[in-house]
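Input: structures, listed below.
Here come two complexes built around subunit A, the first alongside subunit B, the second alongside subunit C.
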Partner chain A sequence: MAEESFLADDFLRQLMSVGEVDLLIGIPSYNNASTIGQTLQTVEDGLRQNFVRERVVILNMDGGSGDETRQIFERRSERREPNHKGLTTLRTIHRISCQYDRSPSQGLALRDIVAAADLLRARACSVISPVTTNLTPSWVANLLRPVYREGLDFVAPLYARSRFQGLLARDLLYPMSRAIFGNRIRELYCDEWGFSGRLASQCLEQDVWHEEAIRARPEAWMAVKAMAAGLKCGQYFLGPKTASAAGSGPDIVDAIRQTVGNFFWCMETNQPAWMNRPNSQPIATFGPEHELSSDGLPQSQDKTFDLFRSGVNELEPILASILAKETHAQIKAISLTDRAKFHFAGELWVKTLYEFAASYHRAVLNRDHLVQALVPLYRGRLYSFLQEHANSSPEAMEAQSEMLCQEFERQKPYLLDRWTAKT
Partner chain B sequence: MQDSPTPPSIVSQPQPDNSALLLQDENLWYKDAVIYQLHVRTFCDSNGDGIGDFRGLTTKLDYLQELGINAIWLLPFYPSPLRDDGYDIADYTSVHPSYGSLEDFKDFLVAAHNRRIRVITEMVVNHTSDQHPWFQESRSSRENAKRDWYVWSDTDTRYQGVRIIFVDTEMSNWAWDPISKSYYWHRFFGHQPDLNYDNPAVREAMWQVMKFWLDIGVDGFRLDAVPYLIERDGTSCENLPETHEIVRDFRKRIDQAYPGKMLLAEANQWPADVRSYFGNGDEFHMAFHFPLMPRMFMAVKLEDRKPIIEILEQTPQIPDTCQWCIFLRNHDELTLEMVTDIERDYMYDEYAVDKAMRINLGIRRRLAPMMENDRRRVELLTGLLLSMPGTPIIYYGDEIGMGDNIYLGDRNGVRTPMQWNGGWNAGFSSADPERLYSPLISNPVYGYQAINVDSQRRSAHSLLSWTKSVIQTRNAFKVFSRGSIEFLNPSNHRVLAYVRRLGEEKVLIVNNLSNSAQAVELNLQMYKRHIPIEMFGRNLFPRIGDLPYLLTLGPYQFYWFRLRRI
Partner chain C sequence: MKDVIIQGLSQAYSNLVHMFAEFLPRLLVMLVIVAIGLLVAYVLKTILRAVLHVTRLDRLSEEAGASRFLRMAALPSMTELLSRSLFWVTWSGFILIGISVLGVAGLQEQISRLFLLLPAIFVAILILFLGLVTANFLSRAALLAAVNAGYPSPKLLSWSIRFVIWALAVSMALEQVGVARQTVIAAFSIIFGAFMFGLAIAFGLGGRELAREFLERNLGDKKGEKYEEPQPL
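Presenting the complex of A and B:
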């Protein structure tokens, strides 16, 4: 155990009453009074419809909400279940609410969830976000079932995306993580996921819980731990996802800090797990075939291009310390091209990211600043992507995405060279 | 269950002060009874013909008295073709010759009464055997005076949609009679035609049958298949108002002529539906609580008190003079009619993996084999049975942990000869083994050489000795038979805890339903300053104070505490 006494006495007392469980569902919350009740209801429905015999506990790990999140959870917990005429489980559905800290941290919430999973010897667990407004009972089942029945250790969600949704994941996080860790998990950063008790126990042993890198997004780290340990990973197509205002997500700067920063940190702290890993392999994928849906191009991206161009200019000394000379020169060159002819090629994008990762490893400058320096370059790549695919079909975009993935894998030796270079 | 407003539950409402009933009212004997259920055929054979009889049973009354039971429920012993274990009666006012004579029965009854043991007999009122003279007359011609004693029809389409109870064997509730060339109605087997209770002559005839046995001295009747007495088009033909009228009529006659005699209803229904059979205290004195039984088994397997709490919360209050009858196992299959499909599947998967263990909608197994011969679980379930509200019924042989034989047909696997000792035919009969009405249980685990009364009598730690002790404890405190129940709701759901209360008498029961040690904190603020006294060892436990009362229990362990304020 990472620390001896981080579990509150009251939390421990409640866990003692629950005893061993088959399934554990963690709901981290912070000021989610408007949605927590519905989330709990949906989770319970998912259990009643799919796991009527299992021993189950639902944990609400709260980060010090100022609203009535916990009170609503506890009030609903006291609600009587339907009688024999309705949908019900054979066993009691245990519900526990606990405040893990005075300030929100997804990482600390996950720490308490995996601690509970370890203590209760849960076989399958999932984390469910109360900001997801279209959560359905089947989501809960689909994240738990591959772990509980198929023996997987980590199950990521697959969301239905339109052509221009989730570009950070599709153009950076997925192809890069696939090349680095050899595992084709498409949504490494997600709000809902499933994991095994075995993985929970392994994660609990790690002394990382106060690391800034996993404060906001601990899920990718958990996935990486699973990959690093050679555990079985999979993904389940859940369908489209919508989030409440509270979960509308950070702006692009924070998003990159939370995800890319976290990803670089995962690379840094798991070197042995990926450096000699061969090319990626498909993973178990459940549910219907997922595909991009067609929709219109987002509104004008001119500002995106302007921010790219000004960023390259303003951050020139920083980029010079991060990137290889040739790469930096290429980026500067394209930043001067005409907006209409602008193209940020996949090959250059991959090289850029690998050089950022290697520089992060060598800590050529403050790592947070380094990650932020990637933001204007991502904007450039984003602008290029949108221009290039304004009229592409979803199939063509999928094909392009696959090519990018292969490019990441092709250039992985370059990353290794940069990563292990003496200077 | 109907969608009527939920009546007050036996656990959700404060219980009435029953102190008035504490008077030594002999008429309420059934509330304080511990009933032992047996078939005379299975118990002891006195004449060496391989079939148990009343003379043999009489010789075993000392054993039953020693066990601590104070009532015997006899399964049908009337003349019968025995195509349904005697529930197909061919003569209501006699004794099947295999079991002895009417005089033997009377001698048995006197001997039982001399030991303060009451006798409840089976009264199959819904139907007769097709060999009964009433039916023989009824079918003989459409003009016969008894034609209208049964339910006849020219078509088999009346009462469409009424469920078939024995789904494994019956295709219809109508059977064709080739003699009178018409259909007769039967809710059970085709050889068991239903009597027509719309005919006053039938009611009178059945009252005369009851009167016959009451005059001899029996103490009560278990009325079989009560919900099915009346048929009406467009209904389920179950629990109809006219059925209640008939019951009220029987009850009125009994109260007038035979005060202190008891009627017990067999109505395999939800508690809210069975409630109507108590009426305003003017129908049945007792009724079986069928849905509780499978849920006790389920709770132990699930290691969760939820099934028990849920069903008792749905159990309505009943008049003060009435009582639920509760049981673990009986002569039939462990019925799974009063559970959901999900619950039934679970019970089958956990308790009847072998398909041979299943029959109709139930499981044909005895208590000990269902518990995998785990003494702790057998004791826990027996402890639950004896501490829950209601009059408990112990099925013969379960007090020693007898096994079953699922390879015998029908429910015969749980109706094998009582195992008295390890000698010839288990001490049941001097006949050649081949002549016994049923093979003995002879496997190494449950066979009579391993499981028998004599060997368990010699050990103070045997299941039999333990059962005697726990019955003795129950009998010593009326709070068990007449007290209210209040569930405590500790956060540990593996623990089922409740307080039984009658006046100033309070008993705390704490059961660990799980296979692992458990800690539980009980909110006993209502009983602050009371001293819990463990009832079997009479040891004092720490006085209840301000803090939640902490107890630890081993796997399947349970405590019974008297709460005393001294």
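Presenting the complex of A and C:
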């Protein structure tokens, strides 16, 4: 069995003592002592309230925390069944904590979680992040239930967002993944999600766990695997999400390296799954598909524009090796326009991204460098977006977002041309 | 008198015949060695080219930025360059062996010295190549990091890194082939020291404000006037 080679003996022994389970919850952690206790408590509440008869195991996969994350998890685990009123589980909830590596890697944590799911023959699994501070018992149930009861194989969360939050996801990752892979999963990059035992077994067979591309963000790869295998995907609206200071998320550069780098890598390694795929189809969605709140415009973004302009100027030779001549010329031209009249059109944005993807495929330069070269252009698009939607209503922004998605789908043949070009 | 002349001529003739009789087989051996060398070099070139295609060296070279420089210098791809180099080095080696078989006085010593230098030249070329690749990779990484972080003069930083690595690679390569060893070390120390000293002065005195801003931004209280972009995810 594949997992025999990498699961620690002690971890394996603990898994064997659990036997088969119906549900498995994985909590990857790294220095989350301040939140892990509450996360565990909420997960247990969610299971007790919603899965009374099911056999359950909760795994804490730790990446070598220097604080007391594991000790807190284990101490709480020793407190068996506190005084609970009302409906409660009829079975023991097993809890196992294990250190998968000395340094944190979401990819390796997920590898051990899917290996455990495969070994214990879990039917439905979920990954829950301890950095989410407003996790509720219903979240756990909502990620597991569509898998356990409705037969879905991958369930992504849907979060309520403020108008200008998560723009990388809304302006790049969602529309591009929708056009490429044909599934309308909005939050491809998320901190918590659900998946089936069947998908876990399929993922376990892949020898990708040490790839740098999935070290920080393995969840999109898992979703892409589900789409590629023709498995059923869905999404569940969970509400607004808040994270602890430690989990406030990476800055733009790291976020683009982790997500766009990972997305291009998923495209590269799953070519047969998307090259002939027709336009996107809706997926099973539980609750509203989106919810934007009308928050105010972020503070002055002049620096964002300055970084775009200087980036286009300083990285000219690099961008010339990535982009087509016309596209590069258009970007240079708009970088010279007046700040107040600046507009980075959706059509140009889509073309730019497709040319980046094709250049990533052809490895015209180091792939991490190529992804980093996208950062100034994203800043340009971000500035344009903020200017354009300073006074837009959430509905108008959503309509605009839908138009961008359609533009991505319309230009997909252009991507295929660039991707398959000989030079 | 006539007999002496005839004897001299016949002696010269017999010497010439003897010399040809000695030289021709050697020439033949040389030609055979050169021909075998040509064959061996061709076979090695073909094998190396196939191996490099399998290992996708060209893609690695593209990623590292070395191919761009090869193109700028109107050179072929990395795979082609290395396999052609192997061909010429191998064949040149056989040609030199063949020439040494001729036994021409004075040539032997020069060929021996050249043979002794060959490994050092190889190592020097390798050092230069690695230096080129490393310099391109690190300078580009520095450029991207500086541009994305919004640091001033990112190109200057990038070119500084490239220059230092090139200088290091060139001095190491020259030292390897033994060209004016002491001079090269002294020259490198002076250039490197002067460069660093110049940077320190430029940064500390000329760019006092810039230095303060840089240090405050990186080491000071980050709560100050930190530029915040909307949360991307």
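For the reader, a short list of remarks on this structure follows.
By definition in this document, the second predicted complex is superposed on the first by the 410 of 423 C-alpha atoms of A that agree within 3 Å, B and C clash if a C-alpha of one lies under 4 Å from a C-alpha of the other, contacts with A are read in each partner's own complex, and residues count from 1 in each chain.
Here, a contact is a pair of C-beta atoms (placed from the backbone, for glycine too) under 8 Å apart; a residue touches a chain by one contact, two chains touch by 3 or more.
This one's a predicted model, so the numbers in the text were calculated from it and none came from an experiment.
Overlaying the two complexes via subunit A leaves subunit B and subunit C side by side, clear of any clash. When subunit A is checked against subunit B and against subunit C, the one touching more of its residues turns out to be C. When the two complexes are overlaid on their common chain A, residue A:Leu152 makes contact with neither subunit B nor subunit C. In the overlay built on the shared chain, the residue A:Phe164 is in contact with subunit C alone; subunit B does not reach it.
In the superposition on chain A, contact of A:His94 is made with subunit B only, not with subunit C.
Shared-chain residue A:Leu377: touches no atom of subunit B or subunit C.
By the touch criterion defined above, A:Asn366 reaches subunit C but does not reach subunit B. In the overlay built on the shared chain, the residue A:Met227 is in contact with neither subunit B nor subunit C. No C-alpha atom of subunit B lies closer than 40 Å to any C-alpha atom of subunit C in the overlay. Once the two complexes are overlaid on chain A, none of the subunit A residues touched by subunit B in the first is touched by subunit C in the second. Residue ranges of subunit A in contact with subunit C, taken from their complex: 164-169, 189, 248-253, 255-256, 259, 298-299, 301, 303-304, 306-307, 310-311, 314-315, 318, 321, 362-367, 369, 372-373, 375-376, 379, 382, 386. Of all residues in subunit A, only 13-14, 16-20, 52-53, 55, 83-85, 88, 90-92, 94 touch subunit B in the complex they form. Subunit C meets subunit A in the complex at residues 59, 62-65, 68, 137, 140-141, 143-145, 147-150, 154-155, 227-233. Those residues of subunit B whose C-beta lies close enough to touch subunit A in the complex are 1, 298, 302-307, 310, 314, 339-340, 342-343, 346, 490-494, 514, 516, 518-521.
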